[in-house]
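Residue numbering begins at 1 within each chain, and the chains themselves are lettered A, B, C and D in the order written.
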Amino acid sequence: MIKEGDFIFLYGGKKAQFLIKYSKEKPYFECHLGKVEFPDGFDFGDVLYTNKNKPLFVLRPTTSDLVFRVKRLTTIMYPKDMGYVVLNLGIKSGDRVLEVGSGSGAMTIVLAGLVGDNGMVYSFERREEFLKNASYNVKRAGLSGRVKFFLRDVEKEGFGVFDVDAAVVDVPEPWSLVRHVKESLKGGAPVFFLSPNIEQVQKTYESLKEHGFVRMKTVEILEREIKVREGKTRPMERMISHTGYLTFAHKVNDGKEEKTYED
Amino acid sequence: MIKEGDFIFLYGGKKAQFLIKYSKEKPYFECHLGKVEFPDGFDFGDVLYTNKNKPLFVLRPTTSDLVFRVKRLTTIMYPKDMGYVVLNLGIKSGDRVLEVGSGSGAMTIVLAGLVGDNGMVYSFERREEFLKNASYNVKRAGLSGRVKFFLRDVEKEGFGVFDVDAAVVDVPEPWSLVRHVKESLKGGAPVFFLSPNIEQVQKTYESLKEHGFVRMKTVEILEREIKVREGKTRPMERMISHTGYLTFAHKVNDGKEEKTYED
Amino acid sequence: MIKEGDFIFLYGGKKAQFLIKYSKEKPYFECHLGKVEFPDGFDFGDVLYTNKNKPLFVLRPTTSDLVFRVKRLTTIMYPKDMGYVVLNLGIKSGDRVLEVGSGSGAMTIVLAGLVGDNGMVYSFERREEFLKNASYNVKRAGLSGRVKFFLRDVEKEGFGVFDVDAAVVDVPEPWSLVRHVKESLKGGAPVFFLSPNIEQVQKTYESLKEHGFVRMKTVEILEREIKVREGKTRPMERMISHTGYLTFAHKVNDGKEEKTYED
Amino acid sequence: MIKEGDFIFLYGGKKAQFLIKYSKEKPYFECHLGKVEFPDGFDFGDVLYTNKNKPLFVLRPTTSDLVFRVKRLTTIMYPKDMGYVVLNLGIKSGDRVLEVGSGSGAMTIVLAGLVGDNGMVYSFERREEFLKNASYNVKRAGLSGRVKFFLRDVEKEGFGVFDVDAAVVDVPEPWSLVRHVKESLKGGAPVFFLSPNIEQVQKTYESLKEHGFVRMKTVEILEREIKVREGKTRPMERMISHTGYLTFAHKVNDGKEEKTYED
C-alpha cells in the first residue's frame, strides 16, 4: 500500500510520464490525460482511470526516474553515464565518497542511495543557489542523512576530507583541483571526471600525470533506443549523441622513485 | 594495509592488468613484466618493482574489475550494460532481487554488492556446472551471505519467491518465463531482459503484452574509448559494437478491466 | 563568372544556407540576414553584403547540397547513405542503372550525375504525383537527358529494361519485386535496398535467397558531427541515429545446380 | 563474356572473397576452397566449382572492392568515408580534382573513376615509393589516362595547378599547405581533409580561418554491419570505431574587406 511521502511514477504512455510524491493532503493528480483521484488503499501496480477514461499506471520509480526529475538549475549527468561511473568507481555499501560540484544533486542522490546508511557523501559546491537546490533535492529523496554539503571555493582551501573510497568531479576546470582530490583519496582509489569538451580531458590528463595518477581511461557512453513494433522494428530516428567524456584514474601514493610505464 | 583475502588490482600498463586475491601463503606475483614480492605492510596506492625493474601499481579494484575477471563458463554482461541496468531497475540497499540465469555470477556479484546485508539476491540456474561456478565466484567475492542459488528448471516449477523489488532475466528464451516473473514481482516493479538478437526482443514484447506489462523500453549501450595522447587524441580504432539489447518493463496488477494506452 | 541557370549556394553561417538557381530576371536574394543584390560579373567565391551588412558567401554547391534541397514529397535518402551506396554498387561513368521508387528524385540526381552522358538511369515510380515531382527536380538539375521515368505498377508488369549494371530499390515492399530486378540485372551485378525497418530486411533476405542472390550484406551508416571551437571541441549533442538499413546483394545466373556456401 | 584484363570478384562466402584480374595466360585460381578452372566463355554471374566441390561465384566488383584491394604501402581511406567525401565535394563527370597525398592510390582510383575521360586528377606525393605504388594501382585499374602524378615537396613549391573544382588532402600536416590549396581551387570550391587525430583538425581549422575559408564542417562516419540470420538478427559484435575525422571547407576569394559571420 502506498504511504505518505512515497514516490510514485504515473505512466500513461511515452508522453505521459510523471514522478510525484504522494501526500494525503492532495489525493489527486491532473495532466493532459485528465484528472485522477487516488482511492484509499491504492497500491503500486494498480491502474487508475482519469475522468477522460485514460489509464494511468501506478509504477515504482527507478533510480533513472528519480534523477531525471530532480529540480534542475544545471545540466545533470545522464543515467547512461551515471551507471557506468558507479561501476567503474566500484561504489558500494559503506563507502565514503567525495563529490566535487553538487550541481543539481542528481549524482548525489545516486551515490547516497548506494553507500547506504553506513556510508557518506561529501558534496562540495561553490555557488550557493546550486547548493541549496541540490540539498532540497536530496532531502526530498529522503537521503539527507547520508550527505554532507559544503559551500566552498575548493581551489584555495582544499576539501578537509580524507581517506575517501572514490571521488566524482564535475566542474569546468577540474585540473586545478587534482592535487586536493589526491589528498582526499585513499591510496590506489579511483577518481572520475566529467568533461563536455576534449580540451578539458587533455588538461585533466596533464594534471593527473603531474600528480602521479595512473590507469587513465576516457570513454563516451552512447544510448540508442530501439522502437519495437510489429513489422516496424528499428532504432529511434534521433538520439543524444554527446553528453560528456568520462575520465577515470587511480591515485598512487607519493614516493621517491620515478615511475614510468607504457600504456 | 592490505589484509588476507583482499582483492588487489595490479596495474603495469594497458597490457598488464591483473586481479588477485591476496594471501600471505603466496606473497609474490609473476607476469610477463617479471616477478614481484609483496613486502610486509604494503598498501593500496604503492608501487612495486618487478625483478625486471618494471613498476606494478597496487590499485583498488572497481566493480568492473571484479566482474570482468570472474571465472567464466558463459559470456558475461558488460559493465557498460550492468551500470545502465542497475539504475533503470532502481536497485538499492535492502532490495530483494530475482535473477534468472546465474550464468557465471558476474551480475550476481554486482547485485549482491548493491543490495547490502539487508537485501537478498535469488539466483536461478538450470545447468549445474554454471551454478557451481557462479556460486564459486560469488563466494570468492565474499558475498555468499547475500545470495540464494537455486538449481531449477523454472518453466515448470516457477520461482517460489515473491514480492521482489526487481528482476534480471538473462536466458535465451525468456518469453516462456514471463508469467512466473510476474508472479514474483511486486506490483509496479521493473524487470530487465538481456537479448543478443532482435527476434528475442520481439518475442519477449509479445509475452510482456500478453501478461499486461507496461512501459516497455529497449536500448543498446555503446562504449567508445578515447585515446588521449599529446597531439594524438582520437577514438580507439576498434570497439565492441554489440553485446545485447536491454529491455525493460513494469508489472501491472491483474484486474478485470481492459487496459489500453498509446505509446 | 556566374551564368544564367547556375546553382549558387549562399552561405551566411550554419543557420543561413540557401541553394538558388541564378536568373538575371531576379538579380537579388532575401533572407533573415537581409537583402542582397547580385552585381554584374559576380563570381563563385565572392562575398556579398546584405542591406543589414551581413556577409553571404557565394559558394559552389556540392552534391549533398543539391540533393538535400530538392522539392520533397517523400523522405529522401541521406547523403551519408547515398555515398556509401554509390561506392558499394560501383556506379561509374557510362553505367545503366535501374531505380525502383523515384521518390523525390534525390537519388536519381546523384545517379544521373555519375553515369554521365553515356549512361542512363531508368527510374520507376507508381505514384504519379511523386513521379512528376522527381521529374521536375531532375530537370531543374539539368539532368533530364540522362533519366527515363516510368509510371508503372512494377509488380505486375516488370521493368522491361535489361542488362543494367546496378539497381537501387527504395520501396516499402521490395521482396515482391526481387524476381523482376533479377531479370533486369547483368549477371554478377549488385543491387541495393533501403529499408527503414528490420522486418523489411528480413523479408528481403528471404526473397533474395529464393532467387539465388549471394553476398548479402546489411549495414547502417552513422554520421556524427564534431563541433570544433577553440577550447570547446566536442561531438554535437544530438544526431540522426537511424535513417535506414542498407542491404546489398549480387545476382547469380540461373543454373541447374544447387548452390550452397557458408557465410 | 569475361575479357582479358577484366577484374573479377570471386566470392565463396564471407571468408573467401578475392579480386583478380583475368588473363588467359593463367586460366585458373586457387585458394583454401580448392582450385577452379576458368572455362571458355564463362561470364559474370556464373558459379564455378573448385576441385573440392566448393562454389565460387563470379561477381562484378564494386568500387569498394577495387579500392579495398589495391596493393597497399599506406593505410587507405575507407569506402564509408570515400563515399561521403565524394558527395560532399560534389565530384562529377568532367571535374578537375587536386589530390594531396597519393598514398596507395585508392582514393585516386575513386576520383579518376568519377571524373571520367573529360576530367583529370592531379595527384601529389612526396615519397617516391608511395608514388610508384599508387601509379601501379591506378594503371592496373585502367585509369592512367585520367591521372597526372607529381613527385614533389609541395610546401616549398606549391602545386602549379589552378582552377580545380575540388581538393582532397590526406597528409599528416595539412595546415602548412592550406595557402597552396587555396591558390589552386576555384572560387567557392570545396576542399576536404582527412585527419586521424583531433589536434590535426584543430590546427587545420586555424589555418583555414587564417586563409579566409568558410563553411567548415567536421564529421565522423561510422559503419555498423548487421548480421541477418533467421532468428538471430543482430549487429556484428565488433566494428571499426574510428578511421579519421573528415573536415570540409570552401574557398572565398581574397578581398579588402573583413569578413565575419556567426556559425
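In this text, a contact is a pair of C-beta atoms (placed from the backbone, for glycine too) under 8 Å apart; a residue touches a chain by one contact, two chains touch by 3 or more.
Since we're looking at a predicted model, the values are computed, not measured.
Participant: Could you tell me which chains are in contact with subunit B and with subunit D alike?
Facilitator: none
Participant: State, to the nearest whole Å, the distance from the C-alpha centre of subunit A to the C-alpha centre of subunit D.
Facilitator: It comes to 45 Å between the two C-alpha centres.
Participant: Quick check: how many Å separate the C-alpha centres of subunit C and subunit D?
Facilitator: 20
Participant: Check each residue of subunit D and list the ones that touch at least two other chains.
Facilitator: 198, 220, 224, 233, 245
Participant: Can you give me every chain pair that touches, using the contact definition above?
Facilitator: Contacting pairs: A-B, A-C, B-D, C-D.
Participant: Taking the complex as given, what residues does subunit C use to touch subunit A?
Facilitator: Within the complex, subunit C touches subunit A at residues 196-199, 220, 224, 231-243, 245.
Participant: Which residues of subunit D touch subunit C in the complex?
Facilitator: Touch list, subunit D to subunit C: 9, 11-14, 43-47, 49, 54-55, 57-67, 79-80, 82-93, 110, 113-114, 116-117, 165, 186-190, 198, 201-202, 205, 214-226, 228, 230, 233, 245, 247, 250-253, 255, 257, 259-263.
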